[in-house]
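Structures incoming, each one as structure tokens.
Next come two complexes, and both contain chain A; in the first it sits with chain B, in the second with chain C.
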Partner chain A sequence: MPLLILLIPSLLFLVAVFALPLFRYTWLSFHADSVMTGLVAIPNQGANWQRFIHDTRYLQDLFQTLRFSVVSVTAEIVLGLVIALILHQPMRKRALIRSSALIPWALPTTVMALGWRWIFNTPYGPIDRLTQSWLGQSLNALGEPSIAWITTVYADIWKTTPFVALILLAGLQTIPSDLYEAAKLEGAGSWICLRRITIPLLLPYLGLALMFRLAQAFGVFDLVQVMTGGGPASSTESIALYAYWNALRFLDFGYSATIMIGSFVILSSLILITWLVVTTARNRSQQSLAR
Partner chain B sequence: MKATRFLILALLVWSLAPLTWQLYTSFCTDQALVTPFASLNQRWTLDHYQSVLNSNPPFIRYLLNSLFVGGLSTFLTLLLAIPSSYSLSKMGRRSSLVIKFFLIGCALFPYVLLFLALLEIARYLQLGNSLIALAVPYAALSQPLAILLLTNAFSDLPAELEDAARVEGLSVVQRFRWILLPLISPAIASTAILVFLFSWNEYPIALTWISDSGKLTLPVAMARIAGSSIHSVPYGPYAAATVIGSIPLILLVMVFQKPIVSGLTTGAVKG
Partner chain C sequence: MFTIRKRSLILLTAAILFISSSLLCLSVLAKRPDNVSILMAAPFADSTSELVKIFNQKNRGRIHLEVIKGPLETEAISDLAISSLLLGNTPFDGLLMDVTWVPKYAKAGWLESLDNYFNEDDLNALAEGADEGNHYQGSLLRWPLNADIGLLYWRTDLMDEPPRTPQELESISQKLQNGGRIPYGYVWQGKQYEGLSCVFLEIIDGFGGEWFSPDSGRIGLDEPPGLDASEWLNHLIQTGVSPRAVTNFAESEALQSFKSGQAAFMRNWPYAWAELQKNDSQVRNKVGITTMVAEKGHQPAATLGSWGLSLLKGSAHPESTVEAFKFLTSEESQRYLYTKYGNTPTKAEIFNDQKLLENYPSLQSIGEALAYARSRPETPLYAQISVVLQRKLSSSLTGMTTPVEAMQQAERSTAQVLEAAGESP
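Here is the complex of A and B:
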């Protein structure tokens, strides 16, 4: 019993920070609480939810957030696997190389978000200069709605791939090397080794990286807020940013809370589905390995 | 072998090129930035660094603020997480699994969505603009990761060790102080660094809680430079600020590469 007492402070903190807000949002989502009501909560019979269901801007932001998450997480997993395979090789100055590869992940997102704004600046940034001199036209990487979201994806990949690579590297280190030797003796090339040994045995780690990265990407905020401010033409606006605008720019706390709780339901069901898919894929591959 | 070397080189360029560009920008005069190929009588300058260091409040202030919040929240996190993870490691399999699932759920929660409620709490308790108060949500948000990492460390210790100490008549506090804590110190170090990095880099909560310009943390101060105007960001001073703001973290990663990697990877292996 005294064991439980030790856990209580942490659990209280967790409940205060994670559970209380959700109750508060649920309650607020049934109230009008904005400048119009003098920032006093007045029940409004689900008007927030009516608005939420028909909010095309939210729908667009949800689409953008999902597009951003899926593309960047997929790229991060592929690239992270490549980097993990590189870092797994025996090499000199391994510690130094690993630290250098980690640096993008350790820097504050906002620091490099502005750095990217300079690098992708039109017309003075280096990328725009390159496209001007090679293609003869400006790329306008942050001003063109159809390109800007890819630019933010690129910045996200740069920052979080090291995290994915490290998790996958941990996985690579658990694979016994005699598996590869046995496969080589039977004449398997490195491609077959990768497909038949590395990837199946790495699946739990791939699943883990996928889950954590998806959850983080769904909440993308810092990067977009600083790099593009949601623009151009709201093309890079994420749902977290939209909720933020609603609360602190439009001062509509009731609707912002509705967005939060609505997004929470949508995103956690997506994460749950991913988790189910990942675990079934893992179990199936374990069965086929056992055979 | 040659291919590996080429790939390593590519990896280094990929990770470090953007920072190198910021370093280059920070030493260029404004004119050199706009017309890179023209011959200029003055190409290099330290002006940007001077303007950043002499601004009001001076840039060092933000670094100190971040350092303070990072240190305090790391301390708070460990204070809460070490006893919790000890008790979690001693618990029955089923109940500890339930709590672990709850913790993983919290860790997967997109915490940005919490900022509005946290802001309300801060307003209600009049905690806005307090760096000490800011450490509280950071410590709470760090609990899942810290508890999971430390529970693994405690579970890895052989149970006989503590039993022997108990037979010798050591109290719980003595066992903690002289036997358990020294043995899990590597895990504590990794956890501490990961929590510190999180608090140092955290943005949305700091953005909404702190408005007093003398109390901004580094990420918010950086973003404010951009927030002034979408079109005329002072890129030279900004690049200088990036460089100064990155140095502590680059040193941190270089020095603590081992505990960072082991923290992230043991989390992955056991989680």
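Here is the complex of A and C:
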């Protein structure tokens, strides 16, 4: 009982930060609250949700956001693991190398997005200059809908792989080295060690990195806003950008709230599924380890 | 006895000191000047900084004007202003507003009417075209600081006369390109952003159509002029008159390309003129300006992109704020802003100033083009319908849909936007 009392302040804090906005937005999603109503909330019997279900633009944004999240997070996990394994090796000036690997993560997103925007600029950016001289053709990276989204993925990978590597590096350091020694004595090579020791013991950290990154990537906003503004042909527009536009540009808070709540439900189920998959994988690997 | 007297003496002195000092404070407070603050986009905050100093010197002790320097980009300024207005009490007295924001801000109830501060004579002194986009539902809500319009820049060294129709523009470009005299014909703003809507407005009007009429609720995208405009822009890219990269061009990219002598024509705002006369420009003294091309029998159109000052509701010093507006937009200030920064004036008199015209010959062409100024649809839902158009145009320009499909979809989506907002199309 006294324990519960001690928990009250933090519970109150959580309610204020998470529950209240959620309730408020859910309430708002059943109201018309826009510039046309003079910014006054008027109940509209689920008209927002009706619009949401039939909103092809949202559907396109959802697809694009998922595409962005899945591709960039997968690449970041793989690359992050490789970098973590390298940084884990004993080497000279390891502290210096480890901290310099974190530089992209330390840069503010808007700054690095601006940088990438210029690197991919047509026809003056260095990438375009390269393709012009090698292939004799401009890449037009940010003006071509089929390529533009890849540039945003690329910039995201560049920035957040160090973050994933950092989490995995922390995980690697928790694995006792005698496990490897024992395996080596039994005649296991490095591949077997990686598959049978490193990856299974790293699973909780992989899951953590996966969930962190998935949640972040799903809400991607600043990177897209600065790099492409959602274009060309809306091919890089994310859900967060769409919700933001509805609120601040269109002054349609009712619909913006609907987009956010709808996306929240989708994201939560996504995270839940990921978590279930990761925990069953972990249980299975623990069983096989026990065997 | 003595100690008590001493203590009371000290208390008394302290009380006197306290009362007199607070009286002094009050009198200073009473004489404090009205603090007026105006939020402006960075380039305007910079260009008006000298004027603000002069104003504050003139009104020392009465009004203190402070210009708050906002971000560079139009949309970023709007986001900043809106987020503070949404929180209730406005932190600014005035806001420098883009022409397209007026209906939205008015409908949201953030603007104070200026009808009592400017009279008929003031309005009549504005140049033709500069008087557009300041009213919403009959009341004056914005006083123009500059008059921005879309212009066609052309190379005087490559042709004798600028093209007047879309066909002429294309044929001149192709002739020059085929003769190897220039890599590209025409550069414009084809990126998915507001600039693309401005480009399109000029073309659809030039083909004799109208994008959207808020009064009648009629959408003109899926009609012959709209389809022609959409096809023509597409055609420019397909035939190589415009580079493929225009699909990611904003003003600065188009300027960059034209300035380095890569193109025969450019669509841009008046600010580009000064840039093209700089030392690093390859086309210095080789540029003319005119209105956008239009189909035979139709008037050319120049998208109005002016900035103006609005009084925000809740301002503590409306009178002093308007006084600052009047100073910043006075003839003298406009002359200074034009000659020093190339800000297009709004007063008719300045366009007729022979002395000024001698030194700045481009002013005449700008004044002529200003008469063709056209506002973008004046509705609180403008941002939505513009985004719909940008999105569909961008998909057609990048080859995701055909130009005709793009217009059909844009028309349908625009109707949906209007319907969802309770404005039946």
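Just so it is clear, the second predicted complex is superposed on the first by the 276 of 291 C-alpha atoms of A that agree within 3 Å, B and C clash if a C-alpha of one lies under 4 Å from a C-alpha of the other, contacts with A are read in each partner's own complex, and residues count from 1 in each chain.
Methods note: contacts are C-beta pairs under 8 Å (C-beta built on N, C-alpha and C of every residue); 3 or more make two chains touch, one makes a residue touch a chain.
For clarity, every value in this text was computed on a predicted model and none was experimentally measured.
Q: Using the superposition on chain A described above, determine whether A:39 touches chain B (first), chain C (second), both, or neither.
A: second
Q: Please work out whether A:124 is in contact with chain B alone, chain C alone, both, or neither, and reply first, second, both or neither.
A: It touches chain B and chain C both.
Q: Scan A:271 for contacts with chain B and chain C and give back first, second, both or neither.
A: Only chain B is touched by A:271; chain C is not.
Q: If you stack the two complexes on chain A, which partner ends up touching A:97: first (chain B), second (chain C), both, or neither?
A: In the superposition, A:97 touches chain B alone.
Q: Let me test your reading of the model: by the given contact rule, A:149 touches which partner, first (chain B), second (chain C), both or neither?
A: neither
Q: In the overlaid three-chain picture, which partner chain does A:3 touch, first (chain B) or second (chain C), both, or neither?
A: first
Q: Please tell me which partner, chain B or chain C, touches more residues of chain A.
A: B
Q: Applying the document's definition of touch, where does A:140 land relative to chain B and chain C: first, second, both, or neither?
A: A:140 sits against chain C, while chain B stays out of touch.
Q: Just checking: does A:248 make contact with chain B only, chain C only, both, or neither of them? Give me first, second, both or neither.
A: Both partners, chain B and chain C.
Q: Quick check on the output: what are the common chain A residues between the chain B footprint and the chain C footprint?
A: On chain A, the overlap between the chain B and chain C contacts is residues 121, 124, 229, 231, 248.
Q: Under the stated contact criterion, what part of chain C meets chain A in this complex?
A: Result: residues 75, 78-79, 82-83, 86, 104, 107-109, 190-193, 243-248, 253, 256, 380-381, 383-384, 387, 390-391, 394-395, 397-398, 400, 413, 420-423 of chain C touch chain A.
Q: Using the touch definition up top, name the residues of chain A that touch chain B in the complex.
A: My answer: residues 3-7, 9-11, 13-14, 16-18, 20-21, 24-25, 83, 86-87, 89, 91, 95-104, 106-119, 121, 124, 126, 129, 158, 162-163, 166-167, 169-171, 173-174, 205, 208-209, 211-212, 215-216, 218-219, 221-222, 225-226, 229, 231, 240, 243-244, 247-248, 253, 256-257, 260, 263-264, 267-268, 271.
Q: Spell out the part of chain A that touches chain C in their complex, as residue ranges.
A: That would be residues 32, 34-36, 38-39, 47, 51, 57, 121-124, 138, 140, 142-145, 229-234, 245, 248-252, 255 of chain A.
Q: Please name which positions on chain B make contact with chain A in the complex.
A: On the chain B side, the touching residues are 4, 7-8, 11-12, 14-16, 18-19, 21-22, 25, 33-34, 36, 80-81, 83-84, 86-88, 90-91, 99, 102-103, 106-121, 137, 139-141, 143-144, 147, 197, 200-201, 203-204, 208, 218-220, 222-223, 225-226, 230, 233, 235, 238-239, 242, 245-246, 249-250, 252-254, 257-258, 260-261, 264-266, 268-269, 271.
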